[in-house]
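Each of the next two complexes has subunit A plus one more chain, namely subunit B in the first and subunit C in the second.
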Partner chain A sequence: MSMKRREFLKTTAGGAAAFTVLRGKAWGQAKPVRIGYTLSATGPYSVGAGITQGPNYTLWQEQANAKGGLLVKGEGRRPIEFISIDDRSEHETAVRFYEKLATDDRVDLMLPPWGTAMNFAVAPIANKYGYPLLGPTAVSNKIKDLQLPYFYALLQQPDQIMGAFAGILKELKAQGKISKIAIAYVNDLFGIELNASAATALKEAGLDVVDVKSYPLGVKDLSPVLKGFKAAGVDAFVGLTYPPDNILATSQAKEVDWNPPVWLAAVGTAFPFYRDRFKGAEGVMGIAGWNPKVKSAGAKEYFDAHVKKHQKEPDRWASAFAYASLQILERCVAEVGLDRPKIKGMVDSTEFQTVAGPIRFVKGSNVSTPGMVGQWQKGEFEIVWPKSLATGTPVVPKPAWA
Partner chain B sequence: MAAKLALALLVMALVAAPEILSPYYRSLALAILADVALAVSWAFFSGPSRYLSLATGAFFGAGAYLTAIVEARVPWPLPVLGGALMGGAMALLVGALALRLRGPYFAVFTFGLAELAKHSLIWYETGVTGTVGRLILAPPEPWTLYYTILCLAGLAVLTALALRRSRWGYALAGIGSDEERAETLGIDTTRVKIGTFALSAAFMGAVGAAMAPRWTYLDPQVFNPFVSFQTVIMALLGGATTVAGPIVGAVFLGLASEILLLKFRYLYLLGLGLTLIVVVLALPSGLAGLLRRSSPSPLSSPPAGERAG
Partner chain C sequence: MSPTLVVDIVVGGLITGGIYALVALGLNLQYGLMRVLNVAHGEFLMMGAYLTYSLHTAWGVNPLLTLLITGPASFGAGLVLHRLLYARVLAGEAAEALESRSLLLSFGLLFVLQNAALLLWSADLKGYSYLAVPLHFLGSVFPANRLVAAAVALAVSLAFYVFLQQSFLGKAIRALMQDPEGAQLAGINLSRVHGLCFGIGIAMSAVTGSLISMLFELTPFIGLPYTVTALVVVILGGLGNVAGSLLGGLILGLVETASVYLAASDIRLIASYAVLSLILILKPSGLFGR
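Up next is the complex of A and B:
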């Protein structure tokens, strides 16, 4: 009897919900703006996609729709509808779905997938069908070689990142705080490009590197490398890492009892879960791009909204750029409508004020955001380099591992 | 007669597809045809010989990376030919070493091959060329890729059909049912095994080479073990000892996973897993077993050796 009643209630509730939805549709004032993308929900790209891009897409959609939709020039506000799938971290699936978005669904706009290789894979399609694609997670010196007018990269590229690394290390050396630098890098495109940029940048800064070691993607033990650096008396560790090897190196440094004055790593350090995993990670440095204290308009509001919707903080590097890419699209659509060549024209010629600071593109590359170094200090990833954008001063030597 | 007519219509439809279909459906057809070529060429070796190969990803990856290396310097379809030679040569080498191994040992060895190839490539690229990852900046037209893959799939099917009618095919099936007996009967088992393995690898290398231009950017991660497993699943799902089996398996899995992916963003893996379990439990001889029950034909019946054994 009780089962039956529950069934009945379910049906009634379902019917009522369906009725509301239908009514909503019938009463809907405007046709939705359809925006298509893929993000990896499964496979190796899913971690990064789920931290840096996905939460920002849904946050932006919710915020816009709460205001009645995306403001489209000459048409008023139209609700945002996402058309997306899990690309399974497979390039073929992503390529095919972007073709579907362009030719079958004929979406109004596209958002990029996560990661450099994925952006490389779908950028030619976006370009072919004239969809501006603003990628917040594509980092490679090869992006220039693509020469795709509709593709834009928001994040700092290897030369800028390593320029910042060299800048802070040079100053610390001048202050007598460090003298021996060693580099460990992951030997895929990302690590290799960063390492090549590092060689140039550190040489220009007059810095000597005492040791350079590479390791494969998916490495399970970095303690031999760390022990070698420790034995050589290295006092500035530079890790050109992905998140898994970054976490591995950090935990193993503690195991081999090595606490160099400077611990500076690449991807992963700016994730809030890195801070939480290492009990504050006090004094650890890494690639930075943003924190809620930066002076850009809306930075704090963005941070709070992200925490409120997702119950987790945005990361301190690329998240804000993912959100910024959406702010850029939003502003273009408000000023020129959904005419994509016009949107491209505006993206090419405008300096945008975003939560991640000013962004301006020259030949598809963001030239307004310099490379930055951050350091975890009392729970915040303070930007400590360059000085013009700093929210804190570097603490060297770093405190002991917690 | 009706079967021949249906076949003729199917071929015509496949040839006309790029004209009729939108780019998305053309790409879907292309991906499924590539899977057909992989599954059929896997099955014409592993089906009758019962050597479970997990090396598909290695041969596929080798072909794909070759296209990325020679890109723009040689005209199409030379990279595809190169991919075939590359896959074949790798298989000859590996076959000479590994086809002495039986059962799980052979499977594990071939599985390791993709990793070995990946790390050798990384070592070479970092040490010699100083960069990892290559861009394909001037890919062939989409329809060129479609017809290349269509040809490869067609050739793989014809090869599989020709093989099972030939002495060579009987020899392979003989090896599958009892290798020692086959050897006693005077079959040069080593030559038959390695030869067929290399032929199947040549198709895999060619398919890799033909698919690579679709992804613009390639790095050593293209040696993907997932390709190896997926190929085995498709072949077994359809029925590995027939020619129709792998075709049916690849088409079914391709369409099913696409539909589930589009309709159920968060549940598609669950749906796919359940579908696979149901099919395997209900149809132990694969989807093609259904065909066999209704109409016996060379496409859907197991080879002679299999029936005798």
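Up next is the complex of A and C:
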């Protein structure tokens, strides 16, 4: 059936009229602030991205839009629109998309992807096009060597983290609770850097490291390493881990009948998933940075809002920093608008009060948050080091594995 | 070398190797018999693992008993997939085209299964504890769950080997592996046996997954490394050779474990590929290949 010419004209004219009306209406509303990013929904990075960053991005967007949008200086509130894709944990996919965000979509702001390597990959692009990028999951001593003025790292870096590890271990040794330390680290950039920082920090603290073992990413059996440490009489295990190997090491320690007085590991311990997986994980220590008991303004409200929206708790390390990075952006946009060099100027020169405590950047690194050690105690990841920020006291030796 | 170290290496190697053998057997049935290089093989392992995880955590079913569900369910799924997808691709194609087409099809299947798992279970790590207790023997200590998983895997592999040697269907499968045309002339229904073998292969992968779920955390992306390992074992043992896959799996497990104990965890992969290269140089058709 063919459409008659007259009918065709009528339909088209009607459509065009409707289009004009709708467009007029859209113009009446505030234009959205367009924010671009990639996160890994698939591939090896998806676990961390889905715990630490994704839920905070969507929580923040929902909260801001519920208030009518992001307050932009001189323009009132504008709704937040995200432009994002799954980067499939591939660096080149992320790099291409950030390039497209800058040149094609011309987004107003950018948020970082998840993980140190991903941040390293896209930071030069954000820097090239002058987008301030506040990374809550980039941990590397090399960040300051990159000399990318538009990149900011919120999390504690390896030297600070290992400084905290050495601090608490030194005190425990002075109390006569431990004497022999052994380190197992994942053999990639992250683990190698942490291990290098650990060697320096532990040596300075006068601690005796009896064994150091590395293992590859994706390791399936850590029992040889653990059996070796057990045979050497190690009483403080330090694991410089990613989440999967952290969980593997923890379950295998119990399986080879080894329960050292101190079990201290890196990434993964602060996940509520870890606590639930090991029936409370009582006494297990790890890298910390935050829990709902810290004194920062809005910490408890943030925790409750996160649980309400996602039906899961934020992790006890980087989640709050991911949310803090958004609070920082929000405040800058409210005070200087969407002019990115001005945002950068403000990020460089301001101390921000966030859910994760005060944050101030010097040459792109957050200098306000010290390295911290946490310990699972009765369902909460208590901060046990440094003492000035502690929400609990360390329990050593740890109880038997549940 | 102390006796404890020998025990550690041999038992540890058999534990790893038993699991490798079962997952490789499944792949060998598909690749050795049908020239279907099923790169989604590991995805069925992942699905089996998640099924066991869900049955165990939601209804408290004993993980070992879930084999009775994951096995038959995946066998059925394999039959259906073969009928719907592979049978059409396999019908009347020259061998070369067949391999590349089935490869494409399997890649598609890999993405479909991964994303289905992502929707159903999300990318969060999932896991549970089962038999996570130490067993002391011969002066060393081993995780009970790994011993049980490896024992079940080896038992299933051996049962399948006996089935191939003794049963009528097993003989038909071996005949097809040896000489497809001759076997058909003798009255063996090629497409029916292919379907069954595809189903059995998938079931073996899923059952391995059920066993693995007792040991490792799950994500939708755990499958591919097992496909790669299975492929190494299949090549090591010889294409289409069931005993070869069994022994190949055990050898690979022993080599990997020995390298970890005697050198370092980091050289595990290097050692296994070195052995593979060596065997391919000395005997290109695999250890037991003809």
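Quick notes
The definition used in the following text is that the second predicted complex is superposed on the first by the 374 of 402 C-alpha atoms of A that agree within 3 Å, B and C clash if a C-alpha of one lies under 4 Å from a C-alpha of the other, contacts with A are read in each partner's own complex, and residues count from 1 in each chain.
The rule we apply is simple: a contact is a pair of C-beta atoms (placed from the backbone, for glycine too) under 8 Å apart; a residue touches a chain by one contact, two chains touch by 3 or more.
Quantities reported herein were computed from a predicted structural model and do not represent experimental measurements.
Once the two complexes are overlaid on the shared chain, A:C332 sits clear of subunit B and of subunit C alike.
Contact with subunit C, but none with subunit B, is seen for A:R277 once the two complexes are overlaid on the shared chain. In the superposition on chain A, contact is made by A:L248 with subunit C only, not with subunit B. Of the two partner chains, neither subunit B nor subunit C is touched by A:L155. Legend: residue contacts after superposition of the two complexes on their common chain; A:D221 is shown touching subunit C, with no touch to subunit B. Of the two partner chains, subunit B is the only one touched by A:L146; subunit C is not. In the superposition on chain A, A:I383 contacts neither subunit B nor subunit C. Of the two partner chains placed by the overlay, neither subunit B nor subunit C lies in contact with A:A265. Of the two partner chains placed around the shared chain by superposition, subunit B and subunit C are both touched by A:N187. Shared contact residues of subunit A, touching subunit B in one structure and subunit C in the other: 41-42, 187, 214, 216. Those residues of subunit B that touch subunit A in the complex are listed here as 22-25, 27-28, 31, 119, 122, 126, 130-133, 135, 137, 139, 211, 214-217, 219-221, 261-262, 265-266, 268-269. Residue ranges of subunit A in contact with subunit B, taken from their complex: 41-42, 84-86, 88, 91-93, 95-96, 99-100, 102-104, 116-117, 120-121, 123-124, 140, 142, 145-147, 187-189, 192-193, 196, 214, 216-217.
Subunit C meets subunit A in the complex at residues 8, 12, 16, 114-115, 118, 122-125, 127-129, 132-134, 136, 140-146, 216-217, 219-221, 225, 257, 260-261, 264-266, 268-269.
Residues 41-44, 46-47, 49-51, 187, 213-216, 218-225, 227, 243-244, 247-248, 251-252, 254-257, 273, 277-278 of subunit A are the ones touching subunit C in the complex.
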